[in-house]
Each structure stands twice: as structure tokens, then as C-alpha cells.
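Multiple structures follow.
Each of the next two complexes has chain A plus one other chain: chain B in the first, chain C in the second.
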Partner chain A sequence: MHIDFQNIQEINIFEDLSPEEIDKILPIIHPVKIFEGERLIRQGDTSQMFYIIISGNYMIHFKDGRAFTLHKKGDMIGWTTVAGPFTYHESAVALTDGEALTIPVEEFLHLMQGDSDLGNKITRKVTEIVRKRIAFVKGELTEEE
Partner chain B sequence: MELLMDFFTNTGFALADYRNFIMIGIGCIFIYLGIAKHYEPLLLVPIGFGILVGNIPVFKGLGLGIYENNSVLHYLYLGVTQGVYPPLIFLGIGAMTDFSTLLARPVLMLLGAAAQAGIFITFLGALALGFSPNEAASIGIIGGADGPTAIFLTAALAKDLIGPIAVAAYSYMALVPVIQPPIMRLLTTRKERLIRMEEPRTVSKTEKMIFPIVALLLCCFIAPAAIPLLGMLCFGNLLKEAVVTERLAVTARTAVIDTVTILLGLTVGASTQADVFLTPKSVLIFVLGAASFCVATACGLLFAKFLNLFLRPKINPLLGAAGVSAVPDSARVVQIVGQQEDPTNFLLMHAMAPNISGVIGSAVAAGVLWSFMM
Partner chain C sequence: MKGLEAITFYNGWNISATGICIVFTALVTLSFIISQLHKGLIIWEKKDEYIKKAGKLFSRTKKTVPRRKIKASESFNESARQFHVLIQSMKDPFSLPKLIMLAIKIDLMRPHSTVNDLLAAGLIVPDGKGLYYWDHDVYTTIFEKE
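Let's look at the complex of A and B:
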């Protein structure tokens, strides 16, 4: 999978970024192919990176039995590790073949430390996504919303 | 047979005592925590390996040990004892940090200053426990949660304590996510933890460029002894913000800081030889260091609550805990604790403001302490 300016700007958490900001984030984004049944992250494992979905279906599940699926381009897996260091807070497994972007957490944090405008734009987007995801899990939103 | 015995008496096994093995165990734990658990790996792995290197027993006089004048390790260690490495690390930090979160809301700078009260309270505590003023100042600075600053001040005031103080400072920095949350929950109410922060204003490029110059002049006129650290921090930041010096900024925040971190970590680790490190004094330093760190966290939180008596809109007092340096881990901890109450409350970028002002604050505190002790 080829990653360029156009691909990145189409992803919702990056859509507010300026061309200069996208130039800064491009070097730390790595595209990966994912195969059906592949475990992306395991709750409690040492965390290193988070994923942004490009294609495919993924199940997020927790040790207490809660689970939901993600499939939209731009949905994130393992984002919580950016804030809560060291371990993943959830598990994720691919239900189909797909593609994703991986971003190493430490490099991402360095980028935010070096450019707070970029950090603010991304966290604003993530807040929106998390708010919708919580509302969806609680049954307050339909999938289309 | 005699030859074999001679060979054996020359090996590390014959020269070692149980303390060497305790230190080697500690070194292995550091390496494990860094690699397997990702606790500050860039620091803990070099320090852990340095502990292994420093605790292999060697014949004195062969120029092998870090405390022997003609050894390679000794020359590398001069960067620590002469206070060369910490300013170079500050140069790199300046070149990688955007201070605009701070400039957007300067009141948050006060939180970084308030957290430094922990340093001075612990200083008084260490004095009361019988440490000399120079040693007490070096122990107090652990509460600044800034390894290079702790090493810089200790190198200037109490060289014999560099090993224990550096190891304590870096250990507590790595343990920020374990130490801080209980204090944060204890000193704040749920209602306070739910406070949302206003969007920060946009900071202009000119403001960002002027900041390192103004900060240098202001802070170093107050505490001239902070010049080596703050001078390099502000210089690094000017290189970053000036744009025309981007190549130098990139070198400072990559090659320079990485090289110095390797040398600093390895030599600080190697300086923890069992006979100088495993002493009752070291244990006391670890206890006081932990206390200093806890008090600094509490001071930041309580000062944020105090500010809220006057501020409208109020700030989330959890941000006060980020006033200890430990960038960006203490800002991440603020985010975790805030998010446990409200998953849609993103405090991370707001917490970066007191967090980076804590770096400046601890350097100024080190400068003030050094001035008093000179």
C-alpha cells in the first residue's frame, strides 16, 4: 500500500492538518497488510503502537466480555495507549483481510511535543471519535452517525 | 594446578562479593523494565547495562574501573562529573519542544513553578535528617523529576552521591504512572477531575521565536546559576523556532541528544559500583527522593486548586500534577486520571503546558539551590 499526502488527508483524524503538518506526520506512519484472524493487540500486552484502519473488519474486545466491531476507514485501534502508557487496554482481532496504518506511540508523542497545534488538531478529532464510539456502544447513535 | 588457581584468583568470580551480585540483579531489572515493559527504555537500558559494567569486579590499578583516573570509563564519566552532559540534553529538549501550549495560557506556567516547592520541602527534610546542605539540595532536586537536572546539581554539589541520586531520579521518572495517580485522586474531587479545559488560543510564530530569548533573560537574571541548563534549553528552542536553523535543530534533537543519552546512561549506571552504592545513605536517598516526588505532585495539585479560587473559567486541578517535569509521562498520567472520570475529556495537550514549564522550573530551582550553596 502506498501512503502519500492524498491518502493521509482522507483519514478523518488528519483531515484538519495543513500540508506542512502532514509532511511531519508522514515519516512515522507505516502501512501494514492484515490477515483474517490476525491478532493486532492483546489487552495487558506491552504497547508500542496504535492502528488506523484503512480497510477490513476488526473486533475489539475486553477481558470483561464487552466487544464491538470496527470497519470504517480512519477508525483507531489501541489509541488509548497514547495516553495510558505501557499496556494495551483492549484486544483486537481482524475478522477479514484488510489494511491499516501503524503509528509508534513514542514517535507520535514526540511529534505532539514538538508541534502543539498539530497535537491539538489531532486530539480534537480523537475526542469526537471517542465521544461517538461511547455513544454508539451505549446505543445512543446508529452506525451511520 | 597453580596456574589454574592463579587464573581463578584473577577472575571476577574470585573478586566479587554478594553486593556485586545484588547490583547486577538491579541492572538486569532495569534492562527488563526498559525492554519488556517499555518503562523509559532510552534511559533504563543504558543505565541498566552500565550497572552491569560497573559491577564486574576488577583489579584496582589496571585502569579499568570508572573511579580510576586513567580508565576509558573515567574519561566518559567526566561528562557527568564536570556537568557537560546535562546541558547538552537540555539543548536537545529545547530543540524538540514546542512551548506554545505554555504561551497560549501563561497561568499554567505557575503550576510548573508550584510543583518545585517539593524540592525545597525535601531539602529541609534532608537537612533535618542530618545530611549536609549540599547533599540535601541534591536529594531535594529528585522531586523535580528531571534526571539531567538532578545529575547537574549533584555533580556540582555532592559528586559522591551522583550514582544513587541519578538512579533514584530516573527510577521515579519511570514510575510516574504508578506514583502519581493515587495522590491525584486523593487530593481532588470527582467534580474537579471532570472540569474541561478551554481550547487554547493560537500562538503566533513571532511569539514562539521571542519566547526563548525572553525566558532566558528573565529566568537567568533571577537565577544566574541556571544558565548552563536554561541557556542550552532556550538556545535549542530558538534553533527550532527560527526555522532558518532547522538543520542545527534536527541535529540537536536527534544525534546530539541520543549520543549524550547513551554516554550519560552508561556512565551513570557504571558509577553505581556496589561498594559506593549499597550504603544506608543510598537507601535514605531513595526514601527521601520518593517523598520529594510525592510532595512535588501534591504541591502542583494543591496550587491548581488554589488558583481556581480566582480563575474563571476554572482549570482542571489534575494539570498541577504535570508540574513535575517527566515529559511527557506526567502529562499522560493527567490524561489517564481525567479520562477515567470522563472518557471524552482530553487533557493531554493542556497538561503539556505545566509539564514543560516544570522542566524550566526544576532548572531554575537547581540554579537557586546552587547559588545558595556556593
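Let's look at the complex of A and C:
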């Protein structure tokens, strides 16, 4: 899968970035092929990277057995990584073959710390995603506690 | 004893007041009925429509099943049957990851993509709280077609 400026700007989390900012982020984005049944992340593991969906269907699930599915281009898997603490709060498995972008957490945070504008723009987008999913995660934490 | 004295003695005033009340009540009731008569006539004219509406109110509401285009290949139907049996062994609503885990344990073919197909077909439906249920109406629809 080829990754270029056009592809990146179509993704929700990066749509506010300027061409210069996208140039900065491109080197740390790695496209990967994902296979049906592949486990992407496991709840409780130390987070090393997060995923941005390009294609395919994915199931996000929690230790208490609850789950939801993701399939939209630009949906994030392992987003809690960006907000910290650096462990995954959910598990994710691919229901179908697909493609995704992986971003190493350490390099991503380093980039955000080095460029406050870029950091702010991405944080704003991540907050939008967090707001949509927070009710679900809150419920999950409450049940576990 | 004559005149007003006699009227008072034999409760004439009370009887008169009662009579007046009865007559006025009757007149008010009658005038109200007459004033509403046109509505009654409208209802009479549209009685069939109203009977149907009343029937709907008292009949048990049945969930309408939206018709979906379902991939009804033989392998899909077989998978649906297998998962249906599996789900029956779980409590309702059930956990999707637990369903996949069970399917893997009993060696069902391609459990992940099958679950994905069942979700797409509307056979497995999210309950909005992270759990899922099996839509028996859709399942019946699929197998009625066979």
C-alpha cells in the first residue's frame, strides 16, 4: 500500500494538518496488511503503537466481554495510547482482512512534543474520538472496578 | 294554612329548587350533546378508519423486521445454523468475543469473518451496551426463503 500526502489528508485525525506538518508525520507512519483473526492489541499490554484503519472490519473488546466493531477509514485502534497511560485499555482483533496505518507511540509523542501546533491539532482530533467512545470505556471501567 | 305558609310547610321551596336543578341540568346536557353532534356525525362517517385505528391500539404490536439483502449462499446458511446453535447455549444478550472464542474451540471454519457476515446480515445485532443478541426474525426470514 502506497502512502502519500493525499492518503494521509483523507484521514480524519490528520485532516487539519498543513502540507509541512504532514511531511513531518509521514516518516513515522507505516502501512500494514492485516489478516482475518489477527490480534492487533491486547488490553493491559504496554502500548507500542496505535492503528488507523484504512480498510477491513475490526472488533474492539474488553475484559468484561463487551465489544463493538469498527470499519470506517480513519477510525483509531489503541487511541488511549495517545492520551496515556501507556497501556492498552482495550483489545482489538481483525474480523476480516484489511489495511491499516501503524504509528509508533514513542515517535509520535516525540513529534507532538517537538511541534506544539501539530500536537494541538492532533490532540483536538483525538479528543473528538475520545468523546465519542468515552461513555463506553467508562462503563467498562466501572464494571471492572 | 294557605299560601306561602303551606308551601313552606310541605317543603315546596326545596322541591321547586330540586326541580329547577333537574331541568337545568337536563337542558345543559342536551345543549352540550347538540353542540357536539357534528363530531359524532364525522366519526360515524369515518367509522371504518377509526375501527382500524382502535384495532391497532389494542392488538399486540409486532416488531417490524426491515427487509435486508442477505447473502444467502449455502455456506453462509450453514454457518448461520452453526452459530445459531452456539448462541443458544449462551445467555442472551451474549458477548461477541466469547462467541468467537467458543467458535474457535469447536473448530468452526473462519469464525471471525463468519461473525462479520452475520453482523452485516443483521442476524447478530448490537444491544447498544456492548453485548449482542440474535435476531430470530431475520433468521426465520432467511430460512423461509429456502
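Convention: the second predicted complex is superposed on the first by the 130 of 145 C-alpha atoms of A that agree within 3 Å, B and C clash if a C-alpha of one lies under 4 Å from a C-alpha of the other, contacts with A are read in each partner's own complex, and residues count from 1 in each chain.
Keep this in mind: a residue touches a chain if its C-beta (ideal position, glycine included) is under 8 Å from a C-beta of that chain, and two chains touch if they have at least 3 such contacts.
This one's a predicted model, so the numbers in the text were calculated from it and none came from an experiment.
> Please determine, from the superposition on chain A, whether chain B and chain C clash or fit.
fit
> If we overlay the two complexes on their shared chain A, which of chain B and chain C does A:67 touch? Say first, second, both or neither.
After superposing on A, A:67 lies in contact with chain C but is clear of chain B.
> Once the structures are superposed on A, label A:123 by its partner contacts, choosing first (chain B), second (chain C), both or neither.
first
> Counting residues of chain A in contact, which comes out ahead: chain B or chain C?
B
> Would you check which partner chain A:94 touches, where first means chain B only, second means chain C only, and both and neither mean what they say?
second
> Between chain B (first) and chain C (second), which, if any, makes contact with A:36: first, second, both or neither?
Touch status of A:36: second partner only.
> Looking at A:59 after the superposition, I want to know if it touches chain B, chain C, both of them or none. Which is it: first, second, both, neither?
second
> For the superposed model, what is the least distance in angstrom between any CA atom of chain B and any CA atom of chain C?
When the complexes share the chain A frame, the smallest chain B-chain C C-alpha distance is 17 Å.
> Which chain A residues are contacted by chain C in one complex and by chain B in the other?
Common to the two interfaces on chain A: nothing.
> Using the touch definition up top, name the residues of chain A that touch chain C in the complex.
Interface residues on the chain A side: 36-37, 57, 59, 61-62, 65-69, 91, 93-96, 136, 139-140.
> Show me the residue ranges of chain B that touch chain A in the complex, using the header's touch definition.
Residues in contact with chain A: 36-39, 96-98, 100-101, 104, 177, 199-200, 202-203, 240, 253, 327-329, 332, 335-336, 339, 343-344, 346, 348-349, 352, 356.
> So in the complex, which bits of chain C are touching chain A?
So the residues of chain C in touch with chain A come to 95-98, 100, 110-113, 115-116, 119, 126, 129-132.
> Which positions of chain A touch chain B when the two form their complex?
My answer: residues 46-48, 82-86, 109-110, 112-117, 119-120, 123-124, 126-127, 130-131, 134.
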